[in-house]
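Just so it is clear, A, B, C and D label the chains in written order, and each chain counts residues from 1 on its own.
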């Protein structure tokens, strides 16, 4: 009993000490950014590479003296891909004085949309979230800042069209998707495009956990006999799809994956670049380590006498983290330019976002142009192909079917 | 050879079941433990075989000695290795195993395959019906066969002492006699020491040399089998005999109850 | 409760069954109520209230699950799905028909109760582990249905945004307002559970838990009571789902998957099976644990590891500690925090004159 | 016209993948059979084993035989240790306690794996080709054949073990009646440990085969969810049941995906086995091969 009490008292003391040790961030003149992340939940393989990229870019900016003379402090909170925890993380960020939240995960984005608008804090949802949030008039404080699933789908269809000789009329396209809301989101777009381009569409759902999809791939190659396959998968399933499609003898150069099924890890797990030769992947950030900003980050580590982090090897996700951080910093920079005293709020950062234009970071970032009505910044993507042991750029930045997207964004409630 | 010295057994840390029990089992003999339901007979056996622990019971006072060594607190598999094996009441065969597999499981402590095979043959010699049903799942054996099987299974470990718990329970009288005969034969031919727990005192005292009577967690009487057979209380309450022709009066019953209260 | 008491001097059944066994209990309850309704909400930052709010919602769900698992002895790994049933029912009523929360909330609960009773039907034939897996199947089937039937889920995104709840034309939006809103339901759930478990129904539940065949023999209709347990428990779960929906502003099924069911099971096991107070403790503990670990690591983790490493350690450590605590409680203190609490109380009952 | 060719492809796929499910289910069944404990961390066992082998191969460059050996040895040790530390104190406690303990264990393992070895996906290359083997009209990936062969080998090995070997008979005796087994001089706790260690071995091989198929990271643990319909359909304590259950689940999944999905918009593959499982439970509450327990007041 006494031992029990001792433990409890010890815990209480530790708790008190912990609370006492937390420094209120707003006491300094740092600009606080809130970064939600997932390093243990359903999307952890993304989070562990993306979030370090974010931090590294912020560190790089700070090492160069910060933005307009202000240091930036990024507070990361892991929410395990759970929505209530995401809400708690948001409130914590708000308490710490964050002027900008980097959201993580579609359900979290949806849950926090109302809060962000009420509290006038902008949040970004690059590559996930509601596609309709591209409309800045309806979602004033949500910024996709990168191609939404809808834009990715139009790009995928455009790519298919180009690969099949410029016309999809009479062709068969298979859509192999993870059977969750995110996987289904592009369905209305591809159904619409099937009518416009005159191709036959068949959809194949992969239920979670997506560790096996033999029946679907057999169907695609042997019964439906697709001319092109668009995949939209998460977690372990992209690598499984590559393996299974290969197994049934389907040519991988006629497969294109949307952004979350397109990392080096997926290729490695599918048996390496040799096995996945030809596989195409849509990207909203540049892939590879050949960008000036990445060299600067490596320099920064070298100056500190450290090795560059191993996360940098996973360029697909790491570069996305860098891209998100870079766009954030750019928005903050614009806000600070407008208010040099440094006392910026979420409203200023929102305005800062809406001024972003012609900022490409040496090709890592697409030619974004965010406006008050277009929070997506254009919906640019690039397609990379697995070729000769690495991802090789297959197209330049492009976007497709803007009129179809516009129609759907408008129709969304 | 086997001696319980004033042991006390507590279940779950609260329920006192044995309140100072002393029993001595002589080598090569048949000792019987008589008593009504709930007197603590089975608990006594479990205290010897070490199985109390699996029921959250423990020996809190006193000691159990076997061949001069203390064995209380030892795990059951070690006690079996020393040569004490307990046979539960109610013919608890491994229902999903065949007859022969039951015997093999019984020979678990035996290291040599040869000895196991010999053991099986020995059991079949004592219990011929088992041989015919060697491949039948034990759950489908008849009651008598199951009782033979559990005794045979216990023999597989070549024990020196067999703790036999109510072999007569729920069996036809003819079968009971047969089984008791075999127990006697084992005792004579194999020099097997037996501690027999019974409610059927007539039968038990017929084959035993020495007996103890338990009530409420205590030994209330002990003596040679012949002496016990002559004891008036035993006659009345265990053997179902009253003094010839005499009617029982209510006073006698009260006398016994008083005696019982005094003893406990 | 936290006051000191000594001796059992009850002479009537009424006294034995009273909610407040001693007069001082009333004062304790009043003091706690005053603290919860006045002192706490007016004295702390909204962030801390947001944590209390998550705890509040979790408490309602844990109470419900404890009725089923702790009091009736039926295992359910499908509780998360019942929450989603409540959430989507309420969201649909609120959005399509414009129902106010005080209508859609009980409707959500009732729908979950109905679905829960259906999922509970196998409990009449199967038990223990097999039942646990049958409820797991129920979870997956409900998930699939919500995910695929657009009539329920409101479109491919399978999430429905709901308007903020309103009371007398007053919008409940901030964490502080939410706090009062949720606290009312916690109090209701607590009082309802306390009364339920000492009623005829509650005693029937306990009888079924302790030995269902014996319970049947003494005349308890186990068919009715097992389903009733599932229904009542699912009603709580449904209400929990509705509260989440109003708190977060959306109904989204991805939030109510198996991990959620498991979190709630962890709450009642850590808190104490078959104990109302234990459910509260469990909800607090499981909700606070990750937050406290994070605070501790933010404050002290830097002493041992690099900043980048800490970011990886925090979430993984949380998982490890969470799992270890569950195991710890199962092995060392199977009756959970509630038992620990009682031990502390009995220690202080005679304090400082122990022994 | 009914496409028999496609049907044949689906069936062969179902059989092979079903046997790979069986491989994971075997570990679960072993533990339940011997100790009455339900292992909700079976998927995490597979994951940890996969991690061990993948890390030994990739990070330390060990030869394959050594990596597999390390994986097996570590999982055996893990099985024994786990039984000693976690499961033994829970003997005789209600079923929910054991379920929760293994759920807690699964959280520990899911945190432990990425913390120690990193969260990124690691390949687990086996020296077999990815190119499918073509058998007439069928084309079969070698890894699935390996999985099926390992599965059937274990079925045979465990079949022999439980029916013929003395240790196996003792283990069955323990499962049948712990107390009597104890009275026969069988060290029950050691056999519990042995059962967990055997489950560790099966999981290790499952981890190698599945890890090679999927790559090793935390998502590998998700294959554990496939275990439940398999073991419930087959019967929790039956080894042939695990194989049969795996085959049923594999076939049902493929039929559902091939013939039901196109009509309802997909995703039936996941819950069709569970639905079948519930129906089976209502008819036979102890699975197809499971043995019923008798309850008395």
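Definition applied: a residue touches a chain if its C-beta (ideal position, glycine included) is under 8 Å from a C-beta of that chain, and two chains touch if they have at least 3 such contacts.
Here the structure is a predicted model, which means the values were calculated and not measured.
Participant: Report which interface contains more C-beta contacts, comparing A-C against B-D.
Facilitator: A-C
Participant: Measuring centre to centre with C-alpha atoms, which chain is farthest from chain B?
Facilitator: A
Participant: Could you state the distance in Å from the CA-based centre of chain A to that of chain B?
Facilitator: Each chain's C-alpha centroid was found; their separation is 74 Å.
Participant: What is the distance, in whole Å, between the centres of chain B and chain C, each centre taken as the mean of its C-alpha atoms?
Facilitator: 52
Participant: Could you put a whole-Å number on the gap between the CA centroids of chain A and chain C?
Facilitator: So the centroids are 34 Å from each other.
Participant: Report the inter-centroid distance (CA atoms only) between chain B and chain D in whole Å.
Facilitator: 44
Participant: Of all the residues in chain C, which ones touch at least 2 other chains?
Facilitator: Within chain C, the residues that touch at least two other chains are 144, 147, 312, 315-316, 318-319.
Participant: Tell me, which residues of chain A touch at least two other chains?
Facilitator: Residues 39-40, 48, 179, 207 of chain A touch two or more partner chains.
Participant: Residues of chain B touching 2+ other chains?
Facilitator: If we look for residues of chain B contacting two or more partner chains, we find none.
Participant: Name the touching chain pairs, would you?
Facilitator: Per the contact definition above, the touching pairs are A-C, A-D, B-D, C-D.
Participant: Give the list of chain D residues in touch with chain C in this complex.
Facilitator: Per the touch definition, chain D meets chain C at residues 38, 86, 89-90, 93-97, 99-101, 103-112, 114-115, 119, 228-229, 232, 236, 264-268, 270-271, 274-275, 277-278, 281-282, 285-286, 295, 297.
Participant: Which residues, counting only chain B, touch chain D once they are in their complex?
Facilitator: Residue list for chain B touching chain D: 49, 51, 54-55, 75-77, 79-81, 85-88, 92, 94-97, 101-102, 104-109, 116, 153-154, 157.
Participant: Would you tell me which residues of chain A are touching chain C in their complex?
Facilitator: 1, 4-5, 8, 14-15, 17-19, 21-22, 37, 39-40, 48, 51-52, 55, 76-78, 80, 82-85, 87-88, 91-92, 94-95, 106-107, 110-111, 113-115, 118, 130, 179-181, 184-185, 187-188, 207, 309
Participant: In the complex formed with chain D, which residues of chain A make contact?
Facilitator: 39-40, 44-45, 47-49, 179, 202-209, 211-216, 218-219, 222-223, 235-236, 239-240, 243, 246-249, 265-266, 268-272, 275, 310, 314
Participant: Using the touch rule from the top, collect the residues of chain D that touch chain A in their complex.
Facilitator: Per the stated touch rule, the residues are 3, 5-6, 9-10, 13-14, 17, 110-111, 114, 118-123, 125, 130, 132, 139, 141, 210, 213-215, 217-220, 222-223, 225-226, 253-254, 257-258, 261-262, 265-271.
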